[in-house]
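Letters are used for the chains, namely A, B, C and D, taken in the order the chains are written, and counting of residues starts over at 1 for each.
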Amino acid sequence: MSEIQSRKQDHIDIVLNRDVGFPDVTTGFEKYRFDHVALPELALDDVSLETLFLGRTLALPFLISSMTGGPDKAEQINRNLAEAAAELKIAFAVGSQRVALENEGAGGLGKTLRDLAGAIPLIANLGAAQIRGADGPDLAARAADMIGADAVFIHLNPLQEAVQTGGDTDWTGVLSAIEAIAKSGITVAVKEVGFGINGRVARQLADAGVSIIDVAGAGGTNWARVEAARVKEDDRHASIKAQVGAAFRNWGIPTAEALVEAAMVAPDATLIASGGIRDGIEAAMAIRLGATLAGQAAPALAPALQDPEKIVEHFTVLGEQLRTACFCTGSKDLAALRTARLRGLDAP
Amino acid sequence: MSEIQSRKQDHIDIVLNRDVGFPDVTTGFEKYRFDHVALPELALDDVSLETLFLGRTLALPFLISSMTGGPDKAEQINRNLAEAAAELKIAFAVGSQRVALENEGAGGLGKTLRDLAGAIPLIANLGAAQIRGADGPDLAARAADMIGADAVFIHLNPLQEAVQTGGDTDWTGVLSAIEAIAKSGITVAVKEVGFGINGRVARQLADAGVSIIDVAGAGGTNWARVEAARVKEDDRHASIKAQVGAAFRNWGIPTAEALVEAAMVAPDATLIASGGIRDGIEAAMAIRLGATLAGQAAPALAPALQDPEKIVEHFTVLGEQLRTACFCTGSKDLAALRTARLRGLDAP
Amino acid sequence: MSEIQSRKQDHIDIVLNRDVGFPDVTTGFEKYRFDHVALPELALDDVSLETLFLGRTLALPFLISSMTGGPDKAEQINRNLAEAAAELKIAFAVGSQRVALENEGAGGLGKTLRDLAGAIPLIANLGAAQIRGADGPDLAARAADMIGADAVFIHLNPLQEAVQTGGDTDWTGVLSAIEAIAKSGITVAVKEVGFGINGRVARQLADAGVSIIDVAGAGGTNWARVEAARVKEDDRHASIKAQVGAAFRNWGIPTAEALVEAAMVAPDATLIASGGIRDGIEAAMAIRLGATLAGQAAPALAPALQDPEKIVEHFTVLGEQLRTACFCTGSKDLAALRTARLRGLDAP
Amino acid sequence: MSEIQSRKQDHIDIVLNRDVGFPDVTTGFEKYRFDHVALPELALDDVSLETLFLGRTLALPFLISSMTGGPDKAEQINRNLAEAAAELKIAFAVGSQRVALENEGAGGLGKTLRDLAGAIPLIANLGAAQIRGADGPDLAARAADMIGADAVFIHLNPLQEAVQTGGDTDWTGVLSAIEAIAKSGITVAVKEVGFGINGRVARQLADAGVSIIDVAGAGGTNWARVEAARVKEDDRHASIKAQVGAAFRNWGIPTAEALVEAAMVAPDATLIASGGIRDGIEAAMAIRLGATLAGQAAPALAPALQDPEKIVEHFTVLGEQLRTACFCTGSKDLAALRTARLRGLDAP
């Protein structure tokens, strides 16, 4: 097992079994409250949750967020997720294709994925560090082709790289690399991994031709803590890295705040909210605040390790929560939800 | 026992024995504080708590809020409550008459109720789903006649219906159904069941001819959690509903906030505050903020299962707390209480 | 033992042994912070805490607040407190003289008290209920003469009376009774017993000729809970009173807030702050916010039951805390302390 | 062992083993949050943390804050700290030289210290009480010469002195004594020991010719509690002092607040932030808010008792945390960090 593959395996174990959230940072969604409408003048069953994304119609405005699965389980996870996404008619973003690109579609990241996924939006995934340099657009094209993707996610994870031994810590030229890929005609999506994209970066990305931004904010999985949890304490250098990572346990922009800021400065971008979204009510808030889709990674991991049915059930619950939130705010569809009254509890 | 009757029985058991409140939502009354008046210039015994409601004079400004009692206990509960209300001279609203209408006054909801209740205001009860369609006014008239009621409560509980298996989830036409009943000459009261009526709905109701609005806000019993607690986990569909319901554990408009909003937008309606009111001091706050009556359901349930004396003692305590609050704010009656200084603790 | 005497005995036991504070109300002093001055340019020993009160010079700006001691211990308590106050040169207010007036100075409330107290300010004590009617001024004069007092405290305790069986609950005419005493030439002081005097009452009192106001606010001993704790649950009437009292566990105006309001509306009155003052830093805050003296009752009770030395030590600690607060704010005396920077932590 | 030496030994034991922090006061840094920058456009390794201090270039903007070590351990501690500081290229301030001045450089505070420290900035230390009077400048010169220091810290600790038996409590003339030293040509630095320097004092110091101010605010070690913890309860006088000290457990100006105020009123002074700084992110905030260096004492004590390597590791971690904070705010050096977006969480 290569170092990078063993890392991915560790990630899954840590996310499933350890407390690696943000101790004192929340997503910010708990600072909002929908105004309950006791007279919805709707039938619950008539509420439509359909949405258009990447030119395809989704039944529910959800994204299964990028997760790499490690050497043993990646193939099964990706197969399960693709099948479930197809059945649910929701979007599916695969995890980093770095290993797969070097191993011809290993981990289930080959042509069969699109077959399993049917007509749903499929998004490829590359790290910022990989696309720097002249062959960025080429690599992105290969990643997309490999799985028949509609777009390519570039993930920005400077903190995660900084606190891991051997991480990619040269982040010069990333913006122009992104721009080059967008110019090459590929639909580019950009995401963080849980520390959020601030307004200024969102604006830079939109200006560089990025059409989809997933703010991936703080309040869910904290990747500095995940990396710190991997460290064997006897290695001095690694132990320093771990102590550095631990200090960042409360770093990052809460998801709701990042979303509000991005909606303000990048009104033309398609926004996705992810990072700690817990249920369909918070998904409803995200949509109300400007998101087109709400994404989840960690909460979908346990079901993904089981079978497609578990994943379908997981997102069905989320969908019914969202539908009920629409119903109880008198919103017949997501466009109506965007005008529902949402009160900020902090405001005087 | 029919499905609906076994549900009612479950409700009572769950409300009495399980924690089904709102984990992080409060009524909002704790954000207020009366200004203590050390020189009341009153005699405690001279404080009058009398109020006029539905043309009848109450000794205390309280409402026993609607509760259905299930097949076994309904008759006893209703008898106990009617007798106690008569002795206390407070208003009494019966629980849903849906079953009783089909079973000729079963559960103590027949003509004898008025005999027991004497001259106090008595309010019938129907769900929004039942009154839709042409026979709404007729049904409301029958419900009122059945028990000799002064008015009919229509309860709006879209969330409770949405999270229960087989709930009534078509809420189209409810407003016009309410309007039709009001036009037919029946005094119409409308209430939620614990998620609150917001300002916009309060205004719609007033415009439709509703004369009494019970905001029935959040902070007391949470009916999404009550319904979720009923679910046997082995039924997949029901288990999804239960997970939906659980997500709504903090949904709803705090009672005090709903009341303040309703008082602002529907100044001519007679307002009732219920939902989590704990004692006579909170009842005093409700009256200060615009309510004519304060209502309680769940806190009156245990006494109601015992005997009229227990109910009388329960509301006597509430009354003495209210009287003492009047005394210590220098208010000789409820009109004076409405001008007492009440400080919002949030305000700077 | 008369009913009233057994009540007083109970009070002492309850205050010493049970938790009868305010669960969710604080004095409000914790919302302030003195600005530390690292360069005081003073000698600690040169800080003067002297103050003029009732024409006499105190070494420390403290008042031992009124406490009645019950049949067995009153005499000893009063003797201990008088001796200690004389040694400390602080003011001493005796507890209610209601029983003593009927029993010719029982409980140590006779002429010897002034002998023990020496030249310190001594304040008599009567309840509002007793002074109503034509003989109020006469009673007040007798209470003062009995112990050679410099002034008479009238305590206003409407809530305490309202929640106790057989309490005095006719509070009409109290203000004019107070005015009559003031007109008769007696120096009148007025206090609450722990629920606070609000701005409006403070103004009324000042207008009626009251020269000293002790706001005796919420945050320390809660007398509604003390009375509720006395109740034997088997008496139905008493049990109702106890449930009424329990509801008032968070009633009242926080001491610091009452003080700030009184200072604003009654700038000419001599103000005393009492009710939950814990240490010399809070005493310093009280003085900074407008008080001439800071008073304590419950914290002085345990030492008072022992011997004068314990009381002297208790107030010596308080005095040294106050002196150190003056030193660390660069205040050479209490006049300087009144201009020290005190920051309200709530203010933005 | 002299009384003063046994006190110093106690201090070390208490700081290491007892909870002597501020129960309800925090440094205030937790009220801020850096805006995460997902696109830093930097290489982590290119981030420069160099800073100029006292004419010497530091590799990291840190100060080992003054600590006296007691009779047994002082020499070892000072040697360890000097060696580590030299290796780390950070500034080092020795503890009080009061004893060393009387004992010719005892405790490792002689000429060899500068040899160990190499080219790093070294700061001498005297208490305010010692420099009063005509020989202040002479004493300061001797303290500096003794160890080859670049500057002399005068520590202002009026509260610590006030709550200890036999403390120096005459603080008249301290400011002019400081001014005299500055006028004599010595570079004067002034610090508190954990209760903070407020804006007014900072301005006075700057006007008196002080060029370096360490605000040494509240939120870390509380010296009133440390002194209170030393007391043997059987000595009445000492027991009173201990009770005085305990009341000051929440006294003082939070470090971040003191810093912001000093930066505002004394813009020309070189500011150091110390008092409860926990990690490199809080150090980054301090620098962002106006500090040139961030200082730590108590957190460095345990490593200092071991060996130079432990100290090097401790500050290396702090440095890497700071470097990562620069990286994730897109700041290539400390000048850039000073313009990074830092959000105050309290602000609306």
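As a working rule, a residue touches a chain if its C-beta (ideal position, glycine included) is under 8 Å from a C-beta of that chain, and two chains touch if they have at least 3 such contacts.
Not measured: the values here are computed from a predicted model.
Could you name all chains that are in contact with subunit B and with subunit C at the same time?
A chain counts here if it touches both subunit B and subunit C, and no chain qualifies.
I need the rotation angle between the copies subunit C and subunit D from a CA superposition, between 0 and 180°, in steps of 5.
90
CA centre of subunit A versus CA centre of subunit B: separation in Å?
Spacing between the chain centres: roughly 44 Å.
As a quick test, compute the distance in whole Å between the mean CA positions of subunit A and subunit C.
About 62 Å separates the centre of subunit A from that of subunit C.
Mark out which residues of subunit B touch at least two other chains, giving numbers and ranges.
Residues 348 of subunit B touch two or more partner chains.
Looking at the whole structure, which two-chain pairs count as touching?
Per the contact definition above, the touching pairs are A-B, A-D, B-C, C-D.
In their complex, what parts of subunit C are in touch with subunit B?
It is residues 24, 156-159, 162-163, 169-175, 192, 195-198, 200-201, 204-205, 218, 236, 240-241, 243-244, 247-248, 251-253, 346-348 of subunit C that touch subunit B.
Could you please specify the touching residues of subunit B with respect to subunit C in the complex?
Going by the criterion above, the answer is residues 30, 34-45, 279-281, 313, 316-317, 320-321, 324, 327-328, 341, 348.
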